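This report refers to the structure that appears directly beneath it.
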Amino acid sequence: MKSDYAKGDGVKKSNLKKIGIADTMFARGDMGTLAEQTIKDSDYDVEIVRYTVPGVKDLPVACKKLFDEQNCDIVLAFGMPGSAAVDKMCSHEASLGIGQVQLMTNKHILEVFVHEDETETDTELAKVMHNRTVKHTMNALYLLFNPEEIRKKAGTGERQGFANAKSFKL
Amino acid sequence: MKSDYAKGDGVKKSNLKKIGIADTMFARGDMGTLAEQTIKDSDYDVEIVRYTVPGVKDLPVACKKLFDEQNCDIVLAFGMPGSAAVDKMCSHEASLGIGQVQLMTNKHILEVFVHEDETETDTELAKVMHNRTVKHTMNALYLLFNPEEIRKKAGTGERQGFANAKSFKL
Amino acid sequence: MKSDYAKGDGVKKSNLKKIGIADTMFARGDMGTLAEQTIKDSDYDVEIVRYTVPGVKDLPVACKKLFDEQNCDIVLAFGMPGSAAVDKMCSHEASLGIGQVQLMTNKHILEVFVHEDETETDTELAKVMHNRTVKHTMNALYLLFNPEEIRKKAGTGERQGFANAKSFKL
Amino acid sequence: MKSDYAKGDGVKKSNLKKIGIADTMFARGDMGTLAEQTIKDSDYDVEIVRYTVPGVKDLPVACKKLFDEQNCDIVLAFGMPGSAAVDKMCSHEASLGIGQVQLMTNKHILEVFVHEDETETDTELAKVMHNRTVKHTMNALYLLFNPEEIRKKAGTGERQGFANAKSFKL
Amino acid sequence: MKSDYAKGDGVKKSNLKKIGIADTMFARGDMGTLAEQTIKDSDYDVEIVRYTVPGVKDLPVACKKLFDEQNCDIVLAFGMPGSAAVDKMCSHEASLGIGQVQLMTNKHILEVFVHEDETETDTELAKVMHNRTVKHTMNALYLLFNPEEIRKKAGTGERQGFANAKSFKL
């Protein structure tokens, strides 16, 4: 449920959990909107705050502002680093910042990065983006409302974007 | 609008948003002055504070001082890392610092770095510098005054410096 | 001893030391449950708090929450980074975060990462996971209750996962 | 002007700006003493505090102590990383620390590192060390007393250690 | 002088400087004990606090605890990173943490790491470990009691573990 909708139906906003969605202009597909739709299609009633920035290096402070200024309870950060060496370094720097924000706020940020060179074709890339976005959006909802869903898959080789890996008994 | 001009026309400075411009002697083109001109040519009325330092590794604290001592609302950080391995490491270290300042201040810094080896010729390099400077200067203005301009380009493959990338529907 | 058990036997929980276990869905074997079992099979009476997250990059804040919100005295962080370059970077970012949490809390986190490419076969990998999990779980118990067990092995080439290395006199 | 001299001439020390010089035993030339001499030969009247440590990784806390315990206004940090891979990593770690100190103190540290493999011969290396030391010492003085000297060279390809680069109009 | 000895001879412990020794089980030689012996053989009267942890990544928080919980004035951190790529990354992560602790405490930690692949043979490796341990232990004592010993070797190419490098006049 989006902020403006929340106002309309008389629910006290302070009782609703808030999910932040931080995304970029740089990405080659609109993962943020897909995440919004996934949340709306789910059974969970949450408020969504969307914040778009130019590129992945702008995501960490965007996430921090979503926590500090918008009181989000969890944030999904969508980015799509390019394939050049300099892009990979940007991605690393963004990830370090996203890690740091979590430690400053004691809140989770699920980093949903799809690297431009993960697949051979754009068609496959779009599939990875779709799958990873939907799965991590559900993970965010589970972390907020139903951590047991995550817990019961501990050590099972669960993947987002591609097929799950084989797991084995220890 | 520059600081000294602001004094002249009786506008109360405290009502004006402030953009910091941090740049270096090391860069091989004056991106800072181009950014000043871009701001003046825009419709947005802001105060500009310019701070030049020797090289990219001096930028993070320059940005921090622009926020803490000059009360800037956003900062543009211009740098031009060289092509040697040691220069790339310097660039990485500068970027990490710039990331950290944003988390310490909850304010955006748009990092406008042009890497000396992004193009084959100096002519192309100057074009990239020009395009990236102008586009990111506008991004800074949008983030301050008109975030919807950024929001509506979410996931569209927007680039600064080169042509935009192809985007696809998820 | 698990939390619910602790309630049952009338021991005041505030006197019991608490071990946090942070682990992931991504790992291909359930090291967290093996660690729980190792603790229960030991002579040490502790409370266990388990927290499972999607992947290794979610571990640092999970550890922080185990300290800050669950009052754990030490945490074991289990992860299994994949073999792709991007996975190795994720692992590095996770490790940096885990390091940072320790400095923020003045508490130990034993990072038990098994890299997917440490062995040739899955059978060997499972053995490494088993051995490393059990040994580091014991190390966590020693750090809490019996640091002299660690102290007397100083500089002896002790390994977890593989055979110990040869040590020599200085 | 050195601390002891400052006492002698009746100038109130609290009115004098203080420059810290942090350097290492590891470096193969005494850049710290050259910096001291450069400052004394300049027109600027400042107090100098010198602090020598074993190697580059000891520089960040040395700089921090020069700010916190000696009230320096700016610090010059001289180091000479070796050419082995492990030395380059040490240099990177030192630089990250030096970056962090600046953000903790809102003060500049000019990092004057000369890498052992920047030149083919020791003679050239000594020249680079000399030139970079003198130029960055002057930059420190300009940042303290005369930032306009730095400002007017914005984007001009200014280098320390080697000849300036070619700059171009944007 | 060790803690227990200090109690025995009636010296008020609060007047004694304290050196922390943090070391690992992983190292293939007992550098910590050699450091203790070096201190006892020196002319300096200090209290020693020893803290052994599993591996290098456990050293940063061990150092932090030596400062915060044991009131050490300086710490020597001994580690021996292995030669695999993952070991080198661990070493880097440990070093970053050790750097950070110093900035959080304004105290020196001398990082005495001997990399398993610094020499061809174990015999040479043991020599490097011995030499580096003794020299850095003396450096720690000098930093605490006699910084002029360090100062007078500024820029002289002083090495620990191997022969000193050639230095030249600037």
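By letter and in written order, the chains are A, B, C, D and E; residue numbering begins at 1 in each of them.
In the analysis below, a residue touches a chain if its C-beta (ideal position, glycine included) is under 8 Å from a C-beta of that chain, and two chains touch if they have at least 3 such contacts.
All values derive from a computational prediction rather than experimental measurement.
Subunit E is reached from subunit C by a rotation of 70°, derived from superposing Cα atoms (nearest 5). Work out the mean CA point of subunit A and of subunit E, and you get 43 Å between them. Between subunit B and subunit D, the centres computed from C-alpha atoms are 26 Å apart. Of all residues in subunit B, those touching 2 or more other chains are 96, 100, listed in ascending order. If each chain is drawn as a node and touching chains are joined, the picture is one closed loop, every chain linked to exactly two others. Touching chains close into a ring; read starting at subunit D and passing to subunit E, it gives D, E, C, A, B. In the complex of the two chains, the subunit C residues touching subunit A come out as 23-34, 50-54, 57-58, 60-61, 64-65, 68-69, 78, 86, 89-90, 93-94, 96-97, 100-101, 104, 122, 125-126, 129-130, 133.
Within the complex, the subunit E residues that touch subunit D are 88, 91-92, 95-96, 99-100, 102-103, 106-111, 115, 118, 136, 139, 143, 147, 150-151, 153-160, 165-170.
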